[in-house]
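There are two complexes below, and they share subunit A, which is joined by subunit B in the first and by subunit C in the second.
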Partner chain A sequence: MSASVTVAITLEVEPEEAFRLFTEEVDQWWQRGPKFRFRPKLNGTMRFEPGEGGRLVEIYDEAKGELYEAGRILVWEPGRRLVFEWRGPNYREGQVTEVDIRFKANDTGTRILLEHRGWETLPPDHPARHGLDSRAFLTMQGGWWEEQLVALKALA
Partner chain B sequence: MSEKTGSAAAQVVPALFYDDPNAALDWLEQAFGFETCLRVTGDDGVIQHAEMEYGNGRIMLGGTGWSDFPTSPKSLDGKNTQCIHVQVKDVMAHYERAKAVGATIAAEPEDQFYGDRIYRVFDPEGHFWTFGQTMRVLSNADMEKASPGLKVEGKG
Partner chain C sequence: MSEPAQEQIDRVLAALADPTRRRMVDLLREGPMRAGDLAAAFEISGPAVSRHLRVLRENALIEEEEAGDDRRLRVYRLRAAPFADLQAWLEEVAAFWTSQLTAFKAHAEGKTRKRKKK
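== the complex of A and B ==
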């Protein structure tokens, strides 16, 4: 079993378009500043490298290859599902979480169900937890994604 | 979610206690058509907190036993101290859906003197729900006529 948090939002577009916005337009909706960016001072650009085996990266200088790699893309099914690994800058070996996003057509557009799991790989005193207990930490993490998804919805 | 803090957000949000919140969440999706918008799951795989939406309404659900007062109707011989009522677009379709998933129907859909068609139902842990649809818009005078002895005041 795995500690996880799930949040959801409905976008008034088709699933293919919701998937495209989520991936291609990631730098547009991924909020800026220290709360959201991996190395906020470097003013990087977020990008999903398309396809399984691609990466989620924050690019600082493309020519010099300067970037932060959050993780590999594990599932890339446009219009249906996206799964990628997620490591924060302060994660150690073996500490890895996973983000699993499902895109599902509904009456008004596309329901995006985002699950962020694998938090049990971070020990209770890990700095990413900000000293919070499991429930408070996961709820905070859910709120973090909610803010992101609201920004994504604004693009649709 | 966006709807959580926006002006259209539900301001009254009932919270329900379940011995098995994981099963309850799945069941409320399948039988009643609620959509999960937040799910917080602990290391043991048990849901600690979840929120679900129906139209512009929202409920929360969680476990029992985390303090003296939260308990399931299952542990109270099925007694309830309150009931959640949901207004739906097509009450007959809702009734058929709930019944098909095995919901315990407490009262078949029936037209009420105030113009709504209502059915009553228990979920698997014995929480009492009612679902209704307005079939006829009646004046207070019409309602009083339909149910002698009652005085109807205010705007329903």
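== the complex of A and C ==
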């Protein structure tokens, strides 16, 4: 069995435009409240920083650099595909999942296929990981930890 | 979902991330099996089989019945609860994204219609 969730929806909007609205106007359509926002009490603004290497963030105070980083953008193909990392507010350190969204043209306009996967990525020292090859896991997580350390150094 | 429940889900997912353990679960889905029979279905060493079974047991995916002194006669069976919890949790995630995509559809189609009217 694979630990992934896939949902789909069809909308009367062309793929290019759907991709643009999905990313540029994320704060307008992303629902509010504790079920949907990362830190709902802080009333932040959601944003996709365009392009691979950008991030999905919830910004609380831009001048002070106060934000929640949900994850890096891994694939940015306007009108076709968007993949980003997803770290929920109650995830443990080092745990990160992936959201993969495909925009496909159809008769109506666009069919969006969203897949959320990767919960089996637990920290390598977790007892449940016993017997797994942890090397691939570490490679995948390496970038994330490096960034965390750099960010911490910058704060110090 | 409460944090301990989430942690349990994570452990179940991690245990199932391994292909050998997934196949063991597939076999046990058809009914309880003796350790020896289970081991015979895999081309890996006895200790490796034991290790995988231990991970499944420690994460409460399977349980064992003692059957005398011979370890090979121990019977393993799947526990239903972790799979039901996993299913419920995956449905929660699906509900989250369905709700989000529905909100996005309303936003995107509203925008496009407004523009067409202009």
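In this section, the second predicted complex is superposed on the first by the 117 of 156 C-alpha atoms of A that agree within 3 Å, B and C clash if a C-alpha of one lies under 4 Å from a C-alpha of the other, contacts with A are read in each partner's own complex, and residues count from 1 in each chain.
Rule of thumb we're sticking to: contacts are C-beta pairs under 8 Å (C-beta built on N, C-alpha and C of every residue); 3 or more make two chains touch, one makes a residue touch a chain.
In this text, all values refer to a predicted model and were calculated from it rather than measured experimentally.
When both complexes are overlaid on chain A, the residue A:Gln95 reaches subunit C alone and has no touch with subunit B.
Using the contact criterion defined above for the overlaid structures, shared-chain residue A:Gly53 touches neither subunit B nor subunit C, since it reaches no partner.
When the two complexes are overlaid on their common chain A, residue A:Pro40 makes contact with neither subunit B nor subunit C. In the superposed pair of complexes, A:His116 makes contact with subunit C only, with no contact to subunit B.
Of the two partners subunit B and subunit C, it is C that touches the larger number of subunit A residues. In the superposed model, A:Val5 makes contact with both subunit B and subunit C.
Once the two complexes are overlaid on the shared chain, A:Ala18 sits against subunit C while remaining clear of subunit B. In the superposed model, A:Gln31 makes contact with subunit C only, not with subunit B. Across the superposed pair, subunit B and subunit C both touch subunit A at residues 1, 3, 5-9, 119-120. Residues of subunit B touching subunit A in their complex: 1-2, 4, 35-45, 48-49. Against subunit C, in their complex, subunit A makes its touches with residues 1, 3, 5-9, 11-13, 17-18, 21-22, 25, 28-31, 35-36, 90, 92, 95, 112, 114, 116, 119-120, 122, 126-132.
Looking at the complex, you find that subunit C touches subunit A at residues 3, 6, 9-11, 13-18, 21-22, 25, 51-52, 54-55, 58-59, 90, 93-94, 96-109, 111-112. Residues of subunit A that touch subunit B in their complex: 1-9, 111, 113, 115, 117, 119-120, 134-135, 138-139, 142, 146, 149-150, 153.
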